[in-house]
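When the chains are written out, they are named A, B, C, D and E in that same order, and each has its own residue count from 1.
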């Protein structure tokens, strides 16, 4: 059973999808219930991972499965090679945890074509889980692209007014990057084979990690990977798909997009781009850190001026993900662990924010800040929940947002990105500005719009959606060691490996300059 | 021994959770809610007292108690740990003591308010955060409290969230505090990085930082000493939290909150966090004379600046607010000149009398509000121009308010006298002090006396200016309000006796300065190490003391003369210097300056980023590429004319070109 | 002596002429005739080469080209007739429904 | 002597080719084409390929051209085209001249270098062209020959399907 | 005389041509049977041709791994030919299945249609298996002439006439170039057999500079590039594809294109391997042009059929990348890609067939508004095919593209691969646009349930299975493709 735990978890949603395809279209509630049950089952399947203490001490991949998948003579071989370590563990858990919540949030929101929506949601879950557990680059790519399709339809069919533009933009933006990555990954493979990596290992990243790729080549390959991931993150100049996609997507779509899909980009950096091309990563560090910091400030500034709540939250994601990138490129334990923790927290709190916006939208069918005001009076419970989530997003100590940001900043400060860290810290102020201003305009003041007077407070279902998220907001905030302890060994290992290579590269460079003429043969 | 320290913050947290979760639906009864809230804080107070007395009898004065680990990442190890030493003990007593009084007061004051449970929940949460701030044994736990109190301040200022001004003020407070927190975090990073990265001491623990601070003496960053940079950053944090120049503007606005909140948070406890923080890290600060000088100067300027604004305000709470800012300036002067003990001492006495003042004003407002309500008027119940002659109607309030006024003015043997004089003396005589600072502070002290008595007189003396309809409804407040007033007034009177200066102590008969003695383990070390001491003859000290008393009297006298004897004088003065008055009345236009300088420019920048860069440049490029490809498509598409011969021609041309290229090569 | 290049030269001229005809004429049948001209030039090339190389293959090829030409003629003319039936023209410029 | 004859025939070929591409009336074009076929047949004879010359006349001039003429008559296309040339005449001329230039270039520079076979002129004269063709075709190229039969079948079926009037 | 017969018989190896012979026999048999069938009865013809294809397929399969040569090296039924034959058979089979209903709807229930497809398939098989220029040429002509007829099959429709006539005239024109090239090669080497040509060329290195060889090579290529629809010889493609009956368009885009690749690749590899640098350079440029022109023009199309025509040009460009790579991975990539393309493209056209109304005026994007909701099953099928055409995993389109680009990258053509993927990115736009209309727009007309003809459904299901089989577990087929290259 545990031998195939990951596969079971990943492909169970597909089974669920098949079941759903055979249900009658009209059985709205039944379809939703089945989907919910499926996602909950997936969550329970994945639960033993979270309680496995092996991650506390070991940095290796666990629960690995290795099956030969596509094998063509001496041309190439792809394997179904999956496994998780401390880095992917929590992202997997986040996925399985967010999915039931997202599904539950659709209860009243999705009314047309429920069947299609649920099928797509389950397909999406498979894609996301698969991407997080893949240890074979090719397999990763397959899952990575697989995620695009359901999201495209979710935005396009169930989205808002401008959904077509948003959906197409989302799709093409992401695909352009990933196609370049495809070229790069094929190149890496052939390079590896020529360098003597056994052909049978396929696109196994564990093997690729061992390789020494010449510096110049690394630069190009890293650029391709980094570009692809940067779009997904999204980093500063290539972020504009995100506000559109987030704003137009239905609530569940936004939640999944923000909570999980965006993490693909940052995860990609940690798992692929950096350890595969450590020297290039080092070269690119100032550049990417700069972009990350610009993203932090820029996202916050733009978020501040938004008049649409959802768009605001979307831009806040740009800002928050900038922190994650900064942490990752600090190249030290605090930075990267903080980055990963921040991925989780951002998943939780931004997911929650989108849910909240969704609640508002369901009630009023508008997302414009100006249409609200004074809701605290009408919806006190909602106000409390909203406040907590807002604070978590602001990064108040004691909530999840703080721990991640703190670790990132301290990591960046320690890791030689001091100026960036200072500027990024400034972003913390702006976060308070835009979030609280939004909160004020939506929740405080007098009820000016008569339509707002009789809004219902949160229902039990809605509260049930929010409570687990709030629980985690505090859990991560108060006792993050639950999460940190299990990711630290892997992160430490990653850093050791990356740093080691970087140092060797630097030494070699020095040696090269002096000893070139001594060595004659290649 | 000290392993139950966690109980201290635990009770308020529990109270907060109980009231917050159950208050609205299940408890409902105001009495029970109030009892839970007050009781929680009172329990904390009791526990604090127990430990305080335990500490008094203990030879070891520093105790740490680690509850659990918090963040463990590599060499960064942070615990949920508490530090109990004389400094935190005093703060604990102040916070829980004054806190429980104000809770008690609130039961009466907030009676009938919507969201009563919410209020108490917030208030308990505040106490919890404050206790975390005080008790934290490392910078990060302190930061939890630091931001936590900011949050509670935000929540409580925005308590009347239906008022737009309240929401604005709340947000302003939070953001300003955040600016300060920015500095705090930076300071933390600098310390952590230099101590750890350069000297291998990876820590954020106060005790360890203090022990290892000497390692930093030679380190430079940006051409400045590390300690200077770090402490300046920390001081930025302090200016935010403690409303010093240039980040003070939120505090007067914070008066939008309920008055007990102003008393507790914006007078007695939270705003003093900056002072406490400096005291907590006095070793670091002592290492940097530059920072100390900056602190002293900023404190002094704040003191006089805020006092000047206090001259012209008519809102009773605003006067008190500016007075708070000003008094905080005094404390910073103390910290800046190395009079750590004096600073903390003033912190404590200030907590007593300023809380008392606020609560007194609250009592007045309560009564006024009540009366206005009864009379169906909507005059501003906080405007002093509507008051006057309340002495008869509200004797207890008047008495306590008056005592506190005397205390704040620094009349002899009231608590404020001892603490303020200590500060003045150090400013004058300390190795880190300067004459300039001293002079400014003295003037500020004089101004304090003036505007406080102006306030007292306008409110309680003279003829009654309240609308006659409402007059009769004004009466003394209930016991939950008056009892705290009396207790606080008592403390404001005698609280200073724990820290009688040596000079006077000697004069009276060998009474030691117990307060200084008690805090010595915390401060003595750095003061000795970095040679911070006040030296001067006893006669100088005494003469200065007399001078300050005289000056206070001058202030009081002028106030009496202007407002009691010649009530028409201020109006004349106003009409004579209208510009000057308007300038002062409008708080030197600082808010407007900030608006145009920071807020609007940030907003403009945001709009530019969005409409200018995002929409025009980035999306412009993206859509432009799409359009370009589309345009190319339209062009290329028309090469497909549908005419056979065009197709054939293309083929032939393609062929001949290809053949030509091939055979010519 | 007439070399193979002479024949091929004539064939080349014919080929170019055929190309020109295809590109300029508007009547589909004439265009088809021009194509035939090109095919014939190829035939001439093949046969001259075949004779030059003393090898029969080229002539066999020509045989098949002729067969193909005949087949194409049949089908092509049938197509033209159907087109003519619908459009009353076999002008290639009238084949303009499908474009862009 | 022979070469003069060659040039004479070549001249006729080119002139009749010009007729094909320049004549207004399709009938005239067709007649020009027939003339070209005849001249090519003469070339074939000169190249010792009398059988090819014969089927050139029979298949091309006899069958294909008759078919074409028949269709021209059927469609009553005797009248001149409305406009003889399309607009791309300059380009067409350039293109064709480039074709010619290319051909001339590779004829000048190139060489026919194929391996020489064993079927000499002498052998053709002694054994007979027809027999030689037959031998090669039915031994070496039997498969293409069979395919050609299918080709013709397809053409017939196709023509019938397309040309018959009712469904 | 007996001597001659013996010589003739010595070279006969029926095993080498058995599949195509069986197929033509079925074709001729059908022609005969048609005579006896009443007018408008086409069902038997459909199933007989399907049986014919299956039987042929069986023989192709049974000959796998056992290459047969014969007819004096005129034909070689090797793995390469077998693999391509399978592609043609699938293309023909799927086409026939979607045709029946369509022909009835459009009012041309003519039985000769089916034998013509079979003959075209046989022609394609001869192209793939021919090792003599004559065989290849005749195979090409059998296929082309059948297609001329089929493209103009709807004699009453002007569009169909126009498509047929254009295709015919341009096809005949390009044949001229092809033959001229063959003639030159014959002149230079003295043979029409591919292997002999190759041996001769490699033995005489001076020939590589001979302009005649090079001109011959280029002119020869033109003929095949025309059939492929490579730029700048692509211009017939959109017009003909749009005007021809939809199933025929489907067939043309898959079968004959693959056949052209088969013959082109074999000639290039057998004859001109010594000139590889030259012709790969040429194809590099052409592949880029083809991809760009196909993808870019497709963006502005409003008729889906025409859009798919342009997309088919682009796909030819992708496949040419495999030829540029000119290594085994690239070649086998082409084989695999053509098979994948057969499934996805015919699938897409099958959906178009079923979506159209008589006269097919509704195949515009606007006409597809809300299609996904009006006809959910067809919508899903179309979606799958479009995603496959885009090249998204886990579909055949992705693995195919991967295979080909892997070849190019292995051969060091990084920029070509990058241009290729960027082109895919452009292509996303117009494929997505179809889906935008299908799913993101409200239907213009009311929904009415139309029952789907069984044959067409079978065809679509096979195509879907193919797309996913080749997309998810392509290993076996890839291995076959690997074994199929020389």
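Operating definition for what follows: a contact is a pair of C-beta atoms (placed from the backbone, for glycine too) under 8 Å apart; a residue touches a chain by one contact, two chains touch by 3 or more.
None of these values were measured; they are calculated from a predicted model.
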item	value
Intersection of contact partners for chain B and chain C	D, E
Chains linked by the largest number of contacting C-beta pairs	C-D
Remotest chain, chain B as reference, centres from CA atoms	D
Centroid spacing, where centroids are CA-atom means, of chain A and chain E in whole angstrom	42
Euclidean distance of C-alpha centroids - chain A vs chain D, Å	70
Whole-Å gap separating chain A and chain C, where each centre is the average of the chain's CA atoms	64
For chain B paired with chain D, centre-to-centre distance based on mean C-alpha positions, whole Å	103
Two or more partner chains touched - positions in chain B	637, 640, 642-646, 648-649, 652-653, 655, 659, 663
Residues of chain E whose C-beta touches two or more other chains	134, 138, 141, 145, 148-149, 152, 155, 164, 166, 169, 173, 184, 186-187, 190-191, 211, 214-215, 238-239, 429
Chain C: positions in contact with at least two other chains	4, 8, 15, 18-19, 22-24, 26, 31-32, 49, 52-53, 55, 57, 60, 64, 68, 71-72, 75, 78-80, 82, 92-93, 95, 97-99
Those chain pairs that satisfy the touch definition	A-B, A-E, B-C, B-D, B-E, C-D, C-E, D-E
Complex contacts: residues of chain A adjacent to chain B	169, 173, 237-240, 243, 298, 301-306, 332-334, 337-338, 374, 376-377, 380, 384, 387, 391, 396-398, 402-403, 406-407, 409-410, 413-414, 418, 421-422, 425-426, 428-430, 432-433, 436-437, 440, 443-446, 478-481, 484-485, 488, 492
Interface residues, chain E side, partner chain D - complex	4, 7-8, 11-12, 17, 24, 28, 31, 39, 70-72, 74-75, 107-110, 112-113, 115-116, 119, 122-123, 126, 132, 134-135, 138-139, 141-142, 145-146, 148-149, 152-153, 155, 164, 184, 186-191, 200, 204, 206-207, 210-215
Residue ranges of chain B touching chain E (in the complex, touch as defined)	626, 629-630, 632-634, 636-637, 639-640, 642, 644, 646-648, 650-651, 653-655, 658-659, 662-663, 665
Chain E contact footprint on chain C (complex, rising order)	4, 8, 15, 18-19, 22, 28, 31-32, 35, 38-39, 41-42, 45-46, 49, 52-53, 55, 57-58, 60-61, 64-65, 68, 71-72, 75-76, 78-80, 82-83, 85-87, 92, 95, 97-99
Complex contacts: residues of chain E adjacent to chain A	328-329, 332, 373, 387, 392-394, 398-399, 402, 405-406, 409-410, 414, 417-418, 421-422, 424-425, 428-429, 432-433, 435-436, 439-440, 473-475, 478-479, 482
